[in-house]
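Below you'll find a set of structures to go through.
What follows is a pair of complexes built around chain A, which joins chain B in one and chain C in the other.
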Partner chain A sequence: MRKRYRYVALELASPLVAIAFAVLVGAVVIAAIGKDPVEVYRIMFTFAFRRLDSVGIMLFGATPLIFSGLAVAISFRAGLFNIGVEGQYLIGTFLAALAGFALKGLPSFVHLPLVIAVAALGGALWSLLPVYLKVRRGVHEVISTIMLNYIAFSLIHYLIADVFMDRQQGLMPGVGNPLIRTPKIAPSALMPRMHGFLALFGVDLPRHVYLNWFFPLGLLLAVAVHYLIWRTAFGYELRAVGHNPAAAEAAGIDPAAVQIRAFLLSGLIAGVTGLSDLLSYFGYMDLDFPKGYGFTGIAVALMGKNNPLGIVLAALLFGFLNRGAEGVQTFAGVPMDTVVILQGVMILSIVVASAVMGRYIRRQERKEALGASW
Partner chain B sequence: MVSELLASAIRMGLPVLLAALGAVYSERSGVVNIGLEGMMIMGSFWGAVGAYYAGPLAGMALAVAASVLMALVHAAVSVTFRVDQIVSGVALNILAYGVARFSSIALFQKATMSPHVQGFTPINIPGLDQIPWLKPLVTNLSPLVVVGFLLVPLSHWVIEKTVFGLRLRAVGENPLAADTLGLKVFHLRYAGVLLSGVLAGLAGAYLSVEHTGMYVEGMTQGKGYIALAAMIFGNWSPVGAMGAALLFGFAESLSFRVVESAVVPYQFIKMIPYALTLVVLAGVLKRTTPPAADGIPYEREEA
Partner chain C sequence: MAFLELREVTKRFPGVVANDHISLEIDRGEIRALVGENGAGKSTLMKVLSGLYQPDAGEIRLDGRRVVIDSPRRAIELGIGMVHQHFMLIPRFTVLENIVLGSEPARGGVLREREARRVVGELCRRYEFALDLGARVEDLSVGAQQRVEILKVLYRGAEILILDEPTAVLAPQEVRELFVNLRHLRDQGKTIIFISHKLDEVLEIADRISVLRRGVLVGTVRREETDRAALARMMVGRPVLLELEKGPYRPGEDRLVVEDLTVPGPGGRPAVRRVSLRVRAGEIYGIAGIEGNGQSELVEALSGLRRASAGRILIGGVPVTEGRVRRIRELGLAHVPEDRQRRGLILAMTVWENGVLGLHRSPSFARRGWLQVGAIKKHAQSLVREFDIRLPGLDIPVRNVSGGNQQKLILARELGREPTVIVASQPTRGLDIGATEFVRQQLLRARDRGRAVLLVSADLEEVLSLSDRVGVMYGGELVAEFRPGEVTPEEIGHYMLGGRSRTAGAGPARDGAPGGAGRGEAGSASPGTDGAAGAD
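What follows is the complex of A and B.
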């Protein structure tokens, strides 16, 4: 049994190897533009961790990534690759904004859950076509979801700029240009921030931190997804289909039905990704609503090895990287986009490290099995 | 009028054609290359860099070098380390996006665009340019258009008639049998992926250096993925890919005319290539068959 622990340690080692390798590549990139990598990394850490508000901002930044990471991971577990989280959360966010500003006079305990449900359904709606095409027509979900991402960008652009744009923004006539955005969401649909709750524990977050209850909600969702994957019959079917669809079918599982449910579930979670920003920071949806959570979600899911706890850790890591990169851009003149390079390198190195270690473990296990039979 | 529309379809479809030809080489060897988009991003950015500092030919060379470097990573990760080819490709696309933004800030102080660059001198096809109704098709052409369309029969010949092509197809259909016969499966798959890198790099460089005259962030607009769809629709063959690429080029050039007439909101016009891709892939028009071992990493029995 002691050997088992060693294998687990080896499994855990691959994300660390990936981080180390990405840090190394990052250092080369930073050195290439004539900056001192050690100094840049030092600034990154001190900027991110020295002040309480910065830590709050990191947690706020990690919140959408927990949702998008979980969404990607569920599809991965079923052997599907949901690159459409990007489009799904934009559609979900828009429908949530619509339900947020169009419905008035509802009490908060009705309006807020309703808006969240609408966002989730919007995400699921946008994941319906790819999984249908996958199961019925054999269209690879990667291409279909990417196409639907582009279609979603255009559709949202149309809906915000041409249909639902707020034309009563209270500007003085002739002063400035109105923002291209939806009307403001009713206060009853906004998510409260965590300041009051944290103050009970003597933690006083400044007003410019938007950390809200979607963060603990994301943690709860991670627990729920963990339970779903490892403790329910559906989770078992999900893993069986993801591992080997033919064997699952032979065991009496209908792979198509499982994949459809898994992908729709992935879409439901994806739909909620943008709400932490929408319902606390913005209060409306505009054309510059944050993009890219879906793609970062892929990196988060892979870094977290499709494991909900790992995903929470990976989301925190990326929250830290984004926050640290802001500091580095301001104080060291290194472009923030270094983080995107780090993400790409991390994905590549984690999958390579996992593959190499997985093979090593299998070889060791085979040897042991042979040894035991002697 | 018809020949003008066709000429416009050719100009719009060329990047898809080049990348789709690349995809044919990669996938016939058994490697799915979803990283074409990232390779095109690298091609478009580094093509503009090369053209800005040393002229269009240097642009092409730099674009191909950068794109091939990405292809090398894809081959190493997905052929040597046998990691999921889709994951590797998606990671490359994210990486390329970051590298282009980062390098653009480092070189041009702007993340999203390069200065204007000079392309090749346009050429006419001698002889044919005397026929009046053919004029839009054979005059004032980018040399890359000519190269692109010459590559179609050349690729067909390479894949169908040469020893290299036969071997490439063998490792894409049945790598174990090919290995048993002494073919170097890994080398051939590397060759397929690297060739796709060359062509995707040219496709990207065409967009920035020849078509637009500068690099703009996001200018590939998913053409790498559309190229994959074109290759699938073209049934994994160069000639079929050309037909599909022209179809996409046609849809795009037609959409510009609809925008000019301003009947439909332009956001819906912008969706046309993507919607067309979905329709094409759904097999609404016809069904296709991939190489038998496409997308499956080849693993020799471990001792």
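What follows is the complex of A and C.
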């Protein structure tokens, strides 16, 4: 029994070792551009953790990644690769914005959940075609989802710039150009920030921090996904199909049906990814709406080993790195790209370390078990 | 002096001696056929010759010199080329590219295509192989693809060609063509080892025939000196009826009824042709036959994994031919699959999770969609205890459990459902003595408790010892049905090798037209169909 704890400790240690390795490589890069690595890392840490606004900003930055990481992880566990989270969340965000500015006169407790539901459905809608093509025709979902991402980009661009662009932006004639954006979302659909709540605990978040209730929602969702995967019959079937569709089929499980459901669920969660930004920061969707949450979500899922807790931690790590990068850029003159390199190396090392460790642990487990079972 | 000589070659695996002191002498320019049932040791012996396995004892001599074949590369160097049953070709590449792949003529890393074409073209001419070197392999017929495989080994200088079940995938015309090529090769001095269990073909092409049975060489005969009956006798031998405790045979009502079932196999051709049988409560119906005669497809159709194209299946009287797996399981059919790691278990999941695979939605294990983990673990615990599965714990991934214990787990799980019908396919394959005995006892116990058991096994002794009634499958048809003891081992061998047809319980075998008189004529003594004195 003690052996199990040993394996758990090893499994936890491997990402830490990987991170340490990545930090070392980052140090080399920093030194190569003529800066002092120790100083740079020190600034990164103090900037990120010593300032209250930074902590709030890190959590805010992690929020969308929690959702997209969970979305990707669910599809991975069912044996599918949802590379389309990118397009799914853009579609979801747009539809949410639409429901947000087009519907007027609704009370908050109706409008906000409605907008969230619309976003989720938008994501699910965008994931329906790839999974259908996969189970009925064998079209690899990596290809179809990536293609749909591009379609989503263009479609959204068109919808924002041509169809739904806000022509009444109330500018003085001759002063500046209008933003290419949707009309503003009604206040009843916006997600309140956490300032009021935190103030109850004596925490005074500065005004420029946009940490909102989607963060705790994300945490709750992570818990829910954990229970779904490990404690429900559906989760059992999902994992079975992801591991061995042939055995699942022989057991009376319908792999196609399970995969469709899993992928749609993934799309549902993906759709909500952009809402933290949309409903608490921007209040509208424009052409510069943050892109990339889908792809980063894949990295987060990999780092977190498709495990909800790991995903939350990985999302927080990314939040930290991004915030730290801002500080380092401002105060140490180190370009943002350095941190991007660091992030990349980190992802690679964690994945490799986890694979190597995984293999080692499996070999040990096997030796033990075979020794005991004769 | 013999060209290739095996002296006392022995190969052991845990629990079984696959090759038991085998001594063979093969001449240069000979076509030697190697025949035997599944499990006789043919594949193992060929793997020893082609360098994939090392013998535990004995030696191999080539042209009088002792050789050690410690790798496939070494085998090729020595001129031994293996042509596999399952082709290893790259579909998108051309014939030429496939042949030279891995041994391309090149200078300084640059491929010399003209030279390749010249060399291969010369080979084709010399051995009279008609092949378009520029054609894509995926566009070729199966027969042509096989020629490409053969050319691959010839290109590498093989003097000895080993062909493993080469006619399994060929149409009759293609078999003719292959034989023409083989004769050419032999006449040019090549030595050919031809592995098969199709006696008709073997008798046509081989110069001499060696028979293996249960790891032992039974004998080698010249083609002219033997016939089908003699070969069958050598292959099947005298099956030993094992000492097993069986309750009295008191069959109840029909639990599984198969009527005129036809099931398509790979390539669209029917793998099961108009098979009819019934299994009653309290009875074990065994299906004997060499693997590859439709048994797997039959089992898949019964368990819902493959659609039948014609005929009916009834479980407990309920028709399920359109049935999906879940429906069939709900009707009380349990399936112990022949490929346990692929179909029977999820290796990455834990023992307790595998314990409810297929049962995970039943009321005791899932309430309103939520898994009742406590109940599931308790269930797994009781399965492990009852079936004496030795484990350090329930939480370990099942891939870390031995093969025998894995099979016990599957059996425990399926039998624990109190099914009405059990379909067990090759249930003791790869298991050690202890696990094998255990599995057989469990099947007998199930039968004594009133279940209907359909046992499919390539192990003839197992089938004859356990079954109350036996059906023999050959070429997708059920060619014979009898009770063990009613029929001599010779006759069984004949049926298994496509010899005669015999209908159920109708007394001693009658001569029917080979491979076609069909089964429906139980008791309809149609004297007109009695052919000449038959194979004897």
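Keep in mind that, in the parts below, the second predicted complex is superposed on the first by the 370 of 374 C-alpha atoms of A that agree within 3 Å, B and C clash if a C-alpha of one lies under 4 Å from a C-alpha of the other, contacts with A are read in each partner's own complex, and residues count from 1 in each chain.
Here is the rule we go by: a contact is a pair of C-beta atoms (placed from the backbone, for glycine too) under 8 Å apart; a residue touches a chain by one contact, two chains touch by 3 or more.
Since we're looking at a predicted model, the values are computed, not measured.
K.L.:
Go through the superposed model and pick first if A:V352 touches only chain B, second if only chain C, both, or neither.
P.N.:
first
K.L.:
Determine, under the contact definition given at the top, whether A:N244 touches first (chain B), second (chain C), both, or neither.
P.N.:
Only chain C is touched by A:N244; chain B is not.
K.L.:
Determine, under the contact definition given at the top, whether A:K104 touches first (chain B), second (chain C), both, or neither.
P.N.:
Touch partners of A:K104: none, neither chain B nor chain C.
K.L.:
Thinking of the overlay built on chain A, is A:T232 touched by chain B (first), by chain C (second), by both, or by neither?
P.N.:
A:T232 contacts chain C only, not chain B.
K.L.:
Going by the contact rule set out at the top, does A:F81 touch chain B (first), chain C (second), both, or neither?
P.N.:
After superposition on chain A, A:F81 lies in contact with chain B alone.
K.L.:
Just to be sure I read the superposition right, which of the two partners does A:F295 touch: chain B = first, chain C = second, or both, or neither?
P.N.:
A:F295: touches chain B, not chain C.
K.L.:
Of chain B and chain C, which one touches more of chain A's residues?
P.N.:
Of chain B and chain C, more residues of chain A lie in contact with B.
K.L.:
Show me the chain A residues, by the header's touch rule, that chain B contacts in one structure and chain C contacts in the other.
P.N.:
After superposing on chain A, no chain A residue contacts both chain B and chain C.
K.L.:
Using the touch definition up top, name the residues of chain C that touch chain A in the complex.
P.N.:
Checking each residue of chain C against chain A gives 303, 305, 324-326, 329-330, 335, 337, 342-349, 353, 357-358, 360-361, 366, 369-371, 373, 389-392, 395-397, 399-402, 405.
K.L.:
Write out the stretch or stretches of chain A touching chain B in their complex.
P.N.:
It comes out as residues 29, 32-33, 81, 83, 129, 133, 137-140, 142-144, 146-148, 150-151, 154-155, 157-158, 161-162, 295, 298-299, 302, 335, 337-345, 347-348, 351-352, 355-356, 359, 363.
K.L.:
Quick check on the complex: what are the chain B residues that touch chain A?
P.N.:
Of all residues in chain B, those touching chain A are 34, 73, 77, 81-84, 86-88, 90-92, 94-99, 101-102, 105-106, 111, 221-222, 225, 228-229, 265, 267-268, 270-271, 274-275, 277-278, 281-283, 302.
K.L.:
Can you list the chain A residues touching chain C in their complex?
P.N.:
4, 231-237, 239-240, 243-244, 246-254, 362, 365-366, 368-370, 372-374
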